[in-house]
Amino acid sequence: MSVEFCGLRLAHPVINGSGTFDAIAARRAFGDALAEAFPFSAYVSKTITLEPRAGNPPPRLWETAAGMINSIGLPNKGLAAYLAEDLPALAGLRADPAGSADGERAAVPVITNVMGSSGEELARLVEACDEPEAIAAIELNVSCPNVKTGLDIGADPAQLQSVVAGLRGRTAKPLIVKLTPNAADVPAFAQAAQDGGADAVSLINTLRAMALAPGAGPARPWLGGGTGGLSGPAIRPAALAQVAAVAARVAVPVVGMGGVQSAAHARDLLDVGATLVAVGTESFRDPRAGARIAAGLQ
Amino acid sequence: MSGPTDGAPFGRRLARVAANERLGAYNVLRVADPAMTGVLPGQFAMLAAAERWGGGEDERPFLARAFSVARQSGEESSYVLEDVGPGTRRLCELRAGDEVWVLGPLGRPFAAPEPDAAGMRRAILVGGGVGIAPLAILQDSLGADATTVLLGFRDRERVPGAELLRGAELATDDGSAGHRGLVTELLERELVADAHAAVYSCGPAGMLEGVRAICERAGVPAQLALEAGMACGFGACFGCVVPRRGGGYLRVCVDGPVIDAAELEHVEAHAGAPE
Amino acid sequence: MSVEFCGLRLAHPVINGSGTFDAIAARRAFGDALAEAFPFSAYVSKTITLEPRAGNPPPRLWETAAGMINSIGLPNKGLAAYLAEDLPALAGLRADPAGSADGERAAVPVITNVMGSSGEELARLVEACDEPEAIAAIELNVSCPNVKTGLDIGADPAQLQSVVAGLRGRTAKPLIVKLTPNAADVPAFAQAAQDGGADAVSLINTLRAMALAPGAGPARPWLGGGTGGLSGPAIRPAALAQVAAVAARVAVPVVGMGGVQSAAHARDLLDVGATLVAVGTESFRDPRAGARIAAGLQ
Amino acid sequence: MSGPTDGAPFGRRLARVAANERLGAYNVLRVADPAMTGVLPGQFAMLAAAERWGGGEDERPFLARAFSVARQSGEESSYVLEDVGPGTRRLCELRAGDEVWVLGPLGRPFAAPEPDAAGMRRAILVGGGVGIAPLAILQDSLGADATTVLLGFRDRERVPGAELLRGAELATDDGSAGHRGLVTELLERELVADAHAAVYSCGPAGMLEGVRAICERAGVPAQLALEAGMACGFGACFGCVVPRRGGGYLRVCVDGPVIDAAELEHVEAHAGAPE
């Protein structure tokens, strides 16, 4: 079931959640099989920032009941190195034919996810992503719970709208706004993103969460970053409610995610109005989960 | 045995348990898994029971768990398990015929010893507790005569683990076998006797830090097989990092698990590896 | 480990979450053993409203990964019948000695949880609860995701503060405000409750969630109420983060809850600053969970 | 057998599985559980496997599951299970010696038949599918000769369930045994022959609604053992409701599971009971 999303034709509706699949590392681990049978119909990069970031100190992971908390802290090599080194390495990915009805190996467009700590930073990121052919769309991460952005656009719809409006003019490429789930009225943020000129919205990002170190001794947070974000099946029912509410509110396409493990879970998100479904945590357990789910949707 | 492999099969696969036998405090899990043939010493796999992976302590496990391949005989892989929580407990329960999800072989293996001006350095394998696992397959490839093996165990129940290697000299915390004390004390003695050696080590972070410091002082190259809490095992989650000397982090699953001691300032204990 | 909470001395720090334990029905099911070894050190009633409510149409339950969604809709017999029939029937509960160090069967005070759709309604509820001896404290539910309250005090800190301030004068009894977890800045609501004169805050209530009916046919929500609230272990990591953030922000005692199944989970909440811990969903699986957890805390 | 019991033991208990045998498409789970002695026909228990309750389909089950006590012989309780999802699947897996959590006996049992002007009404037991369970223990208490038993099954695989009762007349959807058609057709025939009867019924909602309507038309009293998705089984969650005639809702776990047909407008299929 090939699908059209913001002018992109995709082999199937299943993509990866940003930061949950490193195609370059995976290619090193699994060889060319990965590139020739890529599990997703589009590849979303980990969040890229203007400057390189080392990320949070370990431990960065905590397993929870039917889920996990991460406090990765957006490690990335920075915009320049991403464009110079990673982008070329991402060329030539082909979607696993198992996921596409016609069984052909469609090319896999790259969606670059970016985060900035000011409108000005975001502007530079968006402009830089506007040039390269190899970038098919841009996703704005305004919702990472593990990083203090100077910007509070994850918390104020009006501010989000003006920031998006300020970026809209700087690229003709599809602009996807990734919303925070840690809000009382998520559809209001989706509306603001749409009013600002976004071509699509994606949700949900992880839920703010915490764990204490096990064992005796004084209580201390387990995660090096203090708090983190909850993902996986545990959050799926909350994700479905937020995606349904957002899809009911806005006209632009919605990328729904949160705890998807099976085609049935993906179907639920599509049924409540999502155009695409993203898989994150489940790929850790099953690197081919995206293709398995896409195949199950046919 | 030089550098990473050309790649594991893409995707996890179902494999059948051939046997799961007690070895003192450990379990030796044998899995019929042709796809693992060609695994290199130091590489690991992500394992999960096909049935009922979950519903244990705190409703866990959920994610797959990382285990060093301890031996590969033909199409059968062996793993050494220590029950430290819900994931290892579930795997220790498995019976012959049960199925496990396997992803791998993964990660950077031990690098082959290379001769220097003074000729070939002798290989000293230093293992602690369940950290003996990758040293067993390493000894298989280097040959028993070419290796000096020093193993440390906490107590009598764990000593049987030494049977996985040949000619091991032992140290135990409780003195129940071999030297009463730390295996690192045996290593120091060895290096005083003859420092023209290369050390290959795996074990708890505290022991690895001792090995690292001793080898640094003695100017002996050391390769350390690290552990870290992992979600994916193939570089996707950026969760398994350890600090790299000179700043930044290494992903244990793809930059390791075998890391040259020179790349580390210290080996720190906090990333979810059982001590 | 007996504990002091808003002037009440409790046998141990474990109480029930409102709406997750019906002491009267349980007494019918289990006989006097229930009354003589009550699993909680205080009994929190289901939410009471001015008028009787039938609640939402079934189905009201959906099991999720390590949790459940409920859409009960606050069925209750209304204030008058609660005071006339239920309150007397709640007399004479004694805490399970297993939970208290000194092993004596302490009396179990009743905390009445109320919800109103206007400040005026809330005022009448609070005044009515102020009179009876048998009510030791009052909890305001401003956070039920399954009911449309005209009032939006779950969504606006300023409004919450003025409503609480308006109620403060109407009772000398401890006033506990149960906060919504479906907000960007939960500590701000806790602060508002404190500034309005609340003696304590409790959290978390359930997370907004949804499920679709299984099987073929057109997609429709499973729950009769459309959406519901997620509870159980799945939400524990989010609850711990919210309780920690709130306890760090306010001076009043905090009642922490969300997915608690064991003494270790309760300990985590106490360690991040909660004074009491409430158990909800786990009581469905193990009616004596409260006493088991209290015993484990000693 | 009149009204609710004085109370089940407070708290769930661990009990050992004595046997778990196939009976056609069903499993008969036998549990050594002295505390269940005194259970009344129509009462149920909440069951959960002590180990690995979770980690199945969609990471479930999580909550305990409700099952009618089908028989109590001395200190051993029997349950009839139909595998319809992760909870029943897990319970069907259990082997003798495994442990289960049991809470119960719970709920309102069948009320004993009482003579009226015309004397004692004969008891007609109408069961569908796994709904035979509470009728078996009911027949045990009323006596085989005092009861007319009509059972309906979907197909040949389920017919063996009839062995749990004595002298049952059968109806099957596929005609593989007895009358081809609905068990409610057998009931109508019985009531035409002799309407001085009392009906006790358990089965899928559709069948129960048929029984309710037929008995209403014939002016025959009926007690229906209902099902509903349950979280707790003891009145704590208010989740298991069905609409009550004249408005409001009944909690199936405490106001039922056995409910007088007169209290219901209709029996609706939606509260999570498998059809």
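By letter and in written order, the chains are A, B, C and D; residue numbering begins at 1 in each of them.
Following the convention adopted for this analysis, a residue touches a chain if its C-beta (ideal position, glycine included) is under 8 Å from a C-beta of that chain, and two chains touch if they have at least 3 such contacts.
Because the structure is predicted, anything quoted here is derived from the model rather than measured.
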*Identify the chains adjacent to both chain A and chain D in the sense defined at the top.*
B, C
*Which whole number of Å gives the spacing of the CA centres of chain A and chain B?*
34
*Distance from the CA centroid of chain A to that of chain C, rounded to the nearest Å?*
35
*So, what's the distance in Å between the C-alpha centres of chain C and chain B?*
48
*asked:* By the touch rule stated above, which residues of chain A touch at least two different other chains?
replied: 62, 64-67, 232-233
*Which residues of chain B are in contact with two or more other chains?*
54, 58-59, 62
*Examine which chains touch each other and state the graph shape they make (line, ring, star, complete, other).*
complete
*Complex contacts: residues of chain D adjacent to chain C*: 4, 6-12, 48, 54, 58-64, 101, 103, 106, 228-232, 234-243, 247-249, 251, 254, 268, 270-272
*Can you check the complex and tell me which residues of chain B touch chain C?*
58-59
*Using the touch definition up top, name the residues of chain A that touch chain C in the complex.*
62, 64-67, 69, 154-155, 180, 182-185, 207-212, 219, 227, 230, 232-238, 240-242, 244, 259, 268, 271-272
_Please output the residues of chain D touching chain B within their complex, sorted ascending._
51-56, 59, 62, 90
_Give the list of chain A residues in touch with chain B in this complex._
19-22, 24-26, 28-34, 37, 46, 54-55, 57-68, 70, 72, 75, 224, 232-233, 281, 283-288
